[in-house]
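Labels for the chains are A, B, C and D, by order of writing; each one numbers its residues from 1.
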Amino acid sequence: MPRARVLIQNKPGVFDPEGKVVHTGLERLGHGQVDQVRVGKVIDLHFESGTREEIAAEIDQMCSEFLVNPVIEDYTVEFLDE
Amino acid sequence: MPRARVLIQNKPGVFDPEGKVVHTGLERLGHGQVDQVRVGKVIDLHFESGTREEIAAEIDQMCSEFLVNPVIEDYTVEFLDE
Amino acid sequence: MKFAVVVFPGSNCDRDCFHVVSRVLDAPVEYVWHRDTDLKGADCVLLPGGFSYGDYLRTGAIAKMSPVMDTVAEFAANGGPVLGICNGFQVLLETGLLPGAMLRNTSLTFICKDSPLRCATTRTPFTSTLEQGEVITLPIAHAEGNYFIDEDGLAELRDNDQIVFEYCSKDGEVAPEFNPNGSVANIAGICNREGNVVGMMPHPERAAEAVLGSDEGLALFKAVVDSLV
Amino acid sequence: MKLEEKREFAKANGLSDEEFDLALEILGREPTLAEVGVVSAMWSEHCSYKSSRVHLSRLPTEGPQVVQGPGENAGAVDIGGGYAAVFKMESHNHPSYIEPYQGAATGVGGILRDVFTMGARPIGNMNSLRFGAVDHEKTPHLFHGVVAGIAGYGNCIGVPTVGGEIYFDPSYNGNILVNVFNVGVCRKDEIFKGIAEGVGNPIFYVGSGTGRDGIHGATMASQEFSEEKEAERPTVQVGDPFREKLLLEACQELMRTDSIVGIQDMGAAGLTSSSVEMADRAGNGVRIDADKIPAREENMSAYEFLLSESQERMLIVVEKGKEDAVAEIFDRWELEWAQIGEVTEGDSFEVWQHGEKVVDIPVSKLTSAAPKYDRPQKRPAYMDELEPASVDAPADLAEAFEDLVGSPNICSRNYVYEQFDHMVGVGTVVRPGAGDAAVLRVPGTDQSLAIAVDCNSRFCYLDAEEGAKLAVAECARNLSCVGAKPLGTTDCMNFGNPENPEIMWQFARAVDGMKEACIALDAPVVSGNVSLYNASNEVDIYPTPSVALVGGFDGPLEGTKYEAGGYTTMDFKESGDRIILLGE
């Protein structure tokens, strides 16, 4: 069964309040060597069937229709081992 | 600057309300060949310095202290290219 | 009998709890800042609702690291009564003072409405004046109140009489259709084994005065006062 | 950059050729890029009200109950017991169309800051929303996003959202309306103002860091939408309600010290409009050092710092010598802050970056000397075609009744208001759905107030003057239905393109209608907002002068809601009670 992973993050320059708070939290715990934190979403999708090309095209469509907010978010797609 | 990515997902068996809603949404849009959807979090961390081993150990500590709730969540760590 | 209301950055029901204790219950109460390590001589600790640290990452995840939580844990270990309401409940779960974890509501939306609750145990200091099985109606207001615990954990809660409130019908029937958020076994509130630490999603402080439509929630605050005199 | 390129740049920022020439004349030299940004922001419709000022001046703004009329961040009326209700309504229409969640969320954040900057603690939110047809392809996404955004922000900061209204109509297909209202309460003699008094006083910046968010936002909000424009989106502002909560508490604490001279939030046109307006009210100048501004991104230009609409930021003029006390409070609330300038003698808005003076403009030229237009008006042609009186009564009343209750414009709103925390604050006496207006008890006092928001834009389309009158009257009736008496009005005038004489006619008539109703009901207008250019692809929205009224009660509310306590809810209480229809 083909599996793919969509990683969604705020575009560079778009404010990420959650990342900021997590960063502060890590600093408070003494993890001062962290320089930057971005928090995003990961969506794992299991498909019944399909080639990588088919699935990639399908995911692009899903992302533009629904999964991703193109105004503030960027996404990347990875394929997971079967 | 070393960068790492922490992927956090609900453990198998723990209900994933968001995944379910996304799944239903995808089906409604006609993406019926999707079999399963899991939604999780991705946290990208940029470090000032450190070897992979050091950073991996550090991240494990961050996860157990703070980033991950072991009752419901699992995590994996990936290193990103520099 | 003195109350402490813990304030985290982002708590927003702290003033409400303070109001109910000071003005309605007419009992002494003080705010305790999250960085404090002293409960100012309080006999009962309230962890209020709200969005500590914006609920970013996970509800209660960042608040649990506040210095005050060590003090609260110690207070609880000595048998002191602690009530975590809504976000306060989430903080208690994150700190491990109560078992389980919170997931998002199945609707994925915030839900604010009245909800009938069945009191499942009267052994806590906050429910000692209710009847076992009694139905009270309190407001709920949360996006993440879908309580999760695995099967073994649930069995343990049951065996140890740790379930305090369950979502139910007006007549007290506990069934999935009366569950607003998907929580395991309709759980709305639980306690620790000893019964002195209670966490609940519904807001008793919002139903403590008739002018707001109900004073059924006041019973919880009165009960803890009674339990300590 | 050559002068002609600057002219083009100014045009892209929304400044017309004539306005650019006026700016050249005022400056007596070529403007810097940052100056072009400042002038175009301050002279935008959003900041200068250049098309509406001549009309707004007709509105009644005075009365014995008025504590603060228009001109400040929000207006205020006396609600008795020594307390004032501080309130305002504002639009966030265009940002919400581009990104419904963040647009609505940051709208809520902005209106909250307008109220708490006055020293009031916010106690109630309302909103007035307009979406396109229910079956229009964009409506579900916009609707769900806006509702979630309002919930996300209001619930997190912990201010109950207790009322509002929602209509669906095709005239909003390409231009939704998101109007947000907030009311707060403070002692009436403890109101803070946005004023930069006291030459030499330091100016503090506090809140979140500045990024490139919403650059052009203020000018964008004053331009008609077209399909191409939809593509060129500025960086969307992302709200951080958690940070705003910290800002709220820090400001409340700061206001109990005696270190604040003036305070104002950075809304549209951010640092520019806040510092210029504060200087203008005091008749002083200000000097800002852009290098000191806490930045979230690297290499930001003065232009970007001045026009950024990053959220959750405040500008505070502090009494000289009290800097440490202020800093201590900000540090405790974990806010970013910096001393970025000072109040100066004279009338100059001066900004420095990297040792260079990048802006030097007389404050008054940006404010009172801003262009002002009395645009041509013409009675709309469609009014002759539409004959409301010719519409026949429905033949089958039962069927009409079902149509009505099934209509998306009339059906229950519980799906929406249950997503809003409407009870936080333990002050909500009459909840959404329970009465025609929301009733709020002021925490810690015996005072209460009621609030309602209304506008039937179809009426306004048929007759803008009568429609605006009806909006005010409906609000007032809503208040009296819960037992309150109107005290004051705020409004949000949402109209199409004012350069179209027919739209300008609608606007002017709506002001007339509002004026008459507010005088008749003794509810002076103490604050408000104008949103023009609500049109897409040349389709103007229905004229939508949303109004919100605040009402008061004579004494404390008592007992349960079923006893005589001076307020009522709308449910039928007992069988056997009589039902009376009042009015024709």
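As a convention for this text, a residue touches a chain if its C-beta (ideal position, glycine included) is under 8 Å from a C-beta of that chain, and two chains touch if they have at least 3 such contacts.
The structure presented is a predicted model; accordingly, all values stated were derived computationally and were not measured.
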Please state whether C-D or A-D has more C-beta contact pairs across its interface. C-D
So the centre of each chain is just the mean of its C-alpha atoms; given that, what is the distance between chain A and chain C in Å? 34
Chain B and chain D, separation of their C-alpha mean positions in angstrom: 39
For chain A, what residues touch not just one other chain but two or more? 17, 21-22, 25, 29, 39
Residue ranges of chain C touching at least 2 other chains are 53-54, 56-57, 61-62, 65
Junction residues of chain D - those touching two or more other chains: 240, 242-243, 334
Would you mind giving me the full set of chain pairs in touch? A-B, A-C, A-D, B-C, C-D
Complex contact set, residues of chain D against chain A: 98-99, 101-102, 208, 211-213, 233, 235-240, 242-243, 296-297, 310-311, 334
Residue positions on chain A within touch of chain C in the complex are 17-18, 21-22, 25, 28-29, 39
Under the touch definition given earlier, write down the residues of chain D that touch chain C in their complex. 148, 151, 155-158, 240-243, 245-246, 333-334, 417-429, 431, 441, 443-444, 557-561, 565
Which part of chain B faces chain C closely enough to touch in the complex? 10, 13-18, 20-21, 41, 65-67, 69, 71-72
Footprint of chain B on chain C - complex, ascending: 57-58, 61-62, 65, 93-94, 99-101, 103-106, 108, 146, 148-150, 182
